[in-house]
Amino acid sequence: VCTPLTPDGDVDVRSLERLVGHLLDGGVDGLFALGSTSEVAFLTDHQRALVLRTVVERAEGRVPVLAGVIDMTTPRVIEHAYAAVKAGCDGLVATAPFYTRTHPVEIERHFRLIAASVDSPLYAYDLPVSVHAKLDAAMLLDLAAEGVLAGLKDSSGDDAGLRALLVARGDRGAELEGFSVLTGSELTVDFALEMGADGVVPGLGNVDPAGYVRLHRHCRAGEVAAARAEQERLLRLMELAQAGGVSRMGRGSSALGGFKVALHLLGVIDCPSTAAPQIPFNDAETALVRGRLEAAGLL
Amino acid sequence: VCTPLTPDGDVDVRSLERLVGHLLDGGVDGLFALGSTSEVAFLTDHQRALVLRTVVERAEGRVPVLAGVIDMTTPRVIEHAYAAVKAGCDGLVATAPFYTRTHPVEIERHFRLIAASVDSPLYAYDLPVSVHAKLDAAMLLDLAAEGVLAGLKDSSGDDAGLRALLVARGDRGAELEGFSVLTGSELTVDFALEMGADGVVPGLGNVDPAGYVRLHRHCRAGEVAAARAEQERLLRLMELAQAGGVSRMGRGSSALGGFKVALHLLGVIDCPSTAAPQIPFNDAETALVRGRLEAAGLL
Amino acid sequence: VCTPLTPDGDVDVRSLERLVGHLLDGGVDGLFALGSTSEVAFLTDHQRALVLRTVVERAEGRVPVLAGVIDMTTPRVIEHAYAAVKAGCDGLVATAPFYTRTHPVEIERHFRLIAASVDSPLYAYDLPVSVHAKLDAAMLLDLAAEGVLAGLKDSSGDDAGLRALLVARGDRGAELEGFSVLTGSELTVDFALEMGADGVVPGLGNVDPAGYVRLHRHCRAGEVAAARAEQERLLRLMELAQAGGVSRMGRGSSALGGFKVALHLLGVIDCPSTAAPQIPFNDAETALVRGRLEAAGLL
Amino acid sequence: VCTPLTPDGDVDVRSLERLVGHLLDGGVDGLFALGSTSEVAFLTDHQRALVLRTVVERAEGRVPVLAGVIDMTTPRVIEHAYAAVKAGCDGLVATAPFYTRTHPVEIERHFRLIAASVDSPLYAYDLPVSVHAKLDAAMLLDLAAEGVLAGLKDSSGDDAGLRALLVARGDRGAELEGFSVLTGSELTVDFALEMGADGVVPGLGNVDPAGYVRLHRHCRAGEVAAARAEQERLLRLMELAQAGGVSRMGRGSSALGGFKVALHLLGVIDCPSTAAPQIPFNDAETALVRGRLEAAGLL
């Protein structure tokens, strides 16, 4: 779930409510608030709390709400975990420590300590592009078998690694039943589901939730050709995330800005602003986004 | 300034006061609280505030107190900046954004926005090992000339780059007068000062502040041989930062743990605990630290 | 195609001939000699020539032979290209420059100059783990449209990027007809083929060529369940590439050693030696390989 | 020693002879041929042999000639080592393996095998920017104590690490006597020599050998102020290595091109060409180089 902002950088609660409605109308099975696509790294603790409160209220219990508890190390993550539980979220999503130089043994300890601190399902978030470390598959499965982890959101882009993990999960049988594996890779959802992944948490799903819901349904129904066509349509739509010029802004700013410009053009949110210090899209970049929306049949 | 913790992970205020006293007695010209060596990445906002309050009070205005305002992006850094100013700190130290993928143009905007938000001198903190980006020298000097930056803490370990920046600062003359350049490299302080750096902010200075004060004095007095001998003594002492086994913990944990074990052995702090999820030193590692302290004449 | 070596590090021509026979018997459609799996980085120019001569002769024109022309920069690659053409190879496979710090514009020039120097189809080899740069998809397609590149061997492990390239290839239509895209990712072959890739060049195919041929056939026939089962069997077999202890050797040495130990246990090659300075497998590691072969039904 | 090329990319022997004369006239104590600055990565084996023959002949035994034996792995490096010994070089300089993923244990074995293969002093070349690995100081000193390594050329830019190695060398005493440590960092030569380094191998020394000889002499004579002034003059001169636009070429191309343009403007070499696929300097970039030469008093 993106976090709509006002031009002044405040959380735009009305737009966020509309966005949640847009996602629910699209047919999603759950909501992930305060993930990377939410600009969680840019939100103050007060804003994070406001986002969670808004999303939980607007979801009205129709689908579960997961909350990202993104921060540098264990004690700070645990603070966010308390806030998320208090806000009524149904699960927590935490990365390994970052900024610090952390040993795998310490990463394992990190997840154990978070899980021990709160009574809520904990999902590991594998995001090497931000965290600069890849989570070890064997460690994840061991922590799952012990009940420390309820699931994994894999945004590593390493589909071969994801597949090896899914096969290993299957081979270990009952002890890993219930360990939920979700992919964050927007462009290979059909394959991830066929590999055995339990779901997908796509940033692009903000823009076209119904498309991802259709894709999921086609995959579950074994409609391979339809799934492939839908996925390729979404792949072309995903080009809006590269609309921001690489000489003007970072890749993150381009993706987050592209999603928000699209949501603005679709009339879901009032303002396409991204948080500081990100550079806003100019007219040419906005036109590129519009073109992708039109080509995808959304405008 | 390290942040002493209790075995339960709380800030040990009495030990922190003693540590500040230890540093002031050693003759330091300033205090940098909430830098990397303080385990700032592991401290909650409440703990950060307690640290600043304690250091500022104990310093009693005898030396300036700089505060690290370390967080992922501009809005979160600005929140810390407000808190630091409120605590009475004399300057702020901020890194570039991390976790996000940030363009140089956005990094520049980041520093501008922080400086515009508070009325306190702003120092850029160059720490590629944590931030995964190196600050551009030309950008730093331009921001300094405009009055956005008051100084730089260079912990990049790139002494050639530091020298090029110092020479360029000199070549630009009056417009950069007052732009203060501090090195964070503990092992080449004599050379940094000879290059024209204005000071040093060494993590190892927690353990032996008097040694670094002597080193600084020798350098300023042109006592080259004495400076070199003192620096080499400190270099050997610095081996305590590698005492933590690399197969058991991260390099950060080893350095932070080494400093704290040393301060504990010296009787300055009550407990050598580091924050979660860092692995504590075992007896063999502690013995290595003791050995380095003895060899350096501190025990 | 692996390069069997004698205990003294010489090319074992008889074993290499048997290995080529093993691959042809398995039903492969082509042979890639002097790729990473061949230990090309460890072979002297004399050994490289001997390998090409042996593979071309043994292949007897039944399938095309591609030759890796792996070296640091353009002039050295061109020397290898001359040698490969002289040896009768049917195509060349070149990476971007490495060791040097090369700009994308220079990478593009590199491929143009190689293509201009010899009259043989040129394939780009995308292998960031070795080259420390990812080839740009738009550049590859432009070079293909101009006739500079005949194809791509994608060993980047980035299946989403591969898919975007394949979709773009399709969208550009006739001008890219004949541009052949091969994946080097052993664990997601079914999906790569479904995405539109033209083939697979798997290192593990040395050990079980018939398995990959079956997998390819299932995919082309639309036998999804059979393809998935075969791919998962091969995925489990691939664990032999991790049999070398990470505390004793590099990951490359483990994979190359695992393949060779397997080929030795299967009776295809006389000796499992890898080239210096790689560490040989010990008995425990060899037993792990044997276990994977047995589980995969190969022993 | 740079390798002058003709516009067609051949070694320009006459220019190379003049360059060696320029260096000898400048007063250098030795010559390092086929280092990174020589564009060794771009030279074919035939060209490498021609370079060594030319440099050795022109040096006439007045100073020792070291030869880079730069290649991916042990067997290929050993081939170059044979050629260098045959050409009459007085020592060999080898990096760790690259392109491959090599374990520290394998790196150690690499140096042992090279040393065992030829009867010539072997220097380790620490160049992480190209090799993507940093050589371990303890390993280097152990290999030195055993007589495997005669010296180290440290181009890592890590002056703190260099200092720790030099102090450790001193602490180990007689067993490391004769282990020669040379820095490749052009901008901190005065400090490296003061730390205890035995010499400097600066790429920029091609352009101004007399400047580096003066700098060395000042340092040995304890003329601190004169050394500092000379080093700062050379630092400003070094800006010619950044004259190539970063949007047009790689950093390596800029440095190598800058050196050659300078040598051409100084009349030492006939043509500023660099090897393919590097981009040549344009007029504006050439003018920047001319400006730095003038400012340094060389034109």
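Miscellaneous remarks
We just call them A, B, C and D in the order they show up, numbering each chain from 1.
Here, a residue touches a chain if its C-beta (ideal position, glycine included) is under 8 Å from a C-beta of that chain, and two chains touch if they have at least 3 such contacts.
Everything numeric in this text was worked out from a predicted model, so none of it was measured.
Chains that touch both chain A and chain B are absent from this assembly.
With centres taken as mean Cα positions, chain D sits 35 Å from chain C.
Averaged C-alpha coordinates give centres for chain B and chain C that are 48 Å from one another.
Touching of two or more other chains is recorded for no residue of chain C.
Because contacts link each chain to exactly two others and close back on themselves, their graph is best described as a ring. Pairwise chain contacts present here: A-B, A-C, B-D, C-D [touch as defined]. The part of chain C that touches chain A in the complex is made up of residues 157-160, 163-164, 167, 185-188, 191, 194, 222, 224, 228, 232, 235-236, 238.
Chain C meets chain D in the complex at residues 9, 41-45, 47, 70, 72-76, 79, 97-103, 105-107, 109-110, 113, 129-132, 248-253, 275-279.
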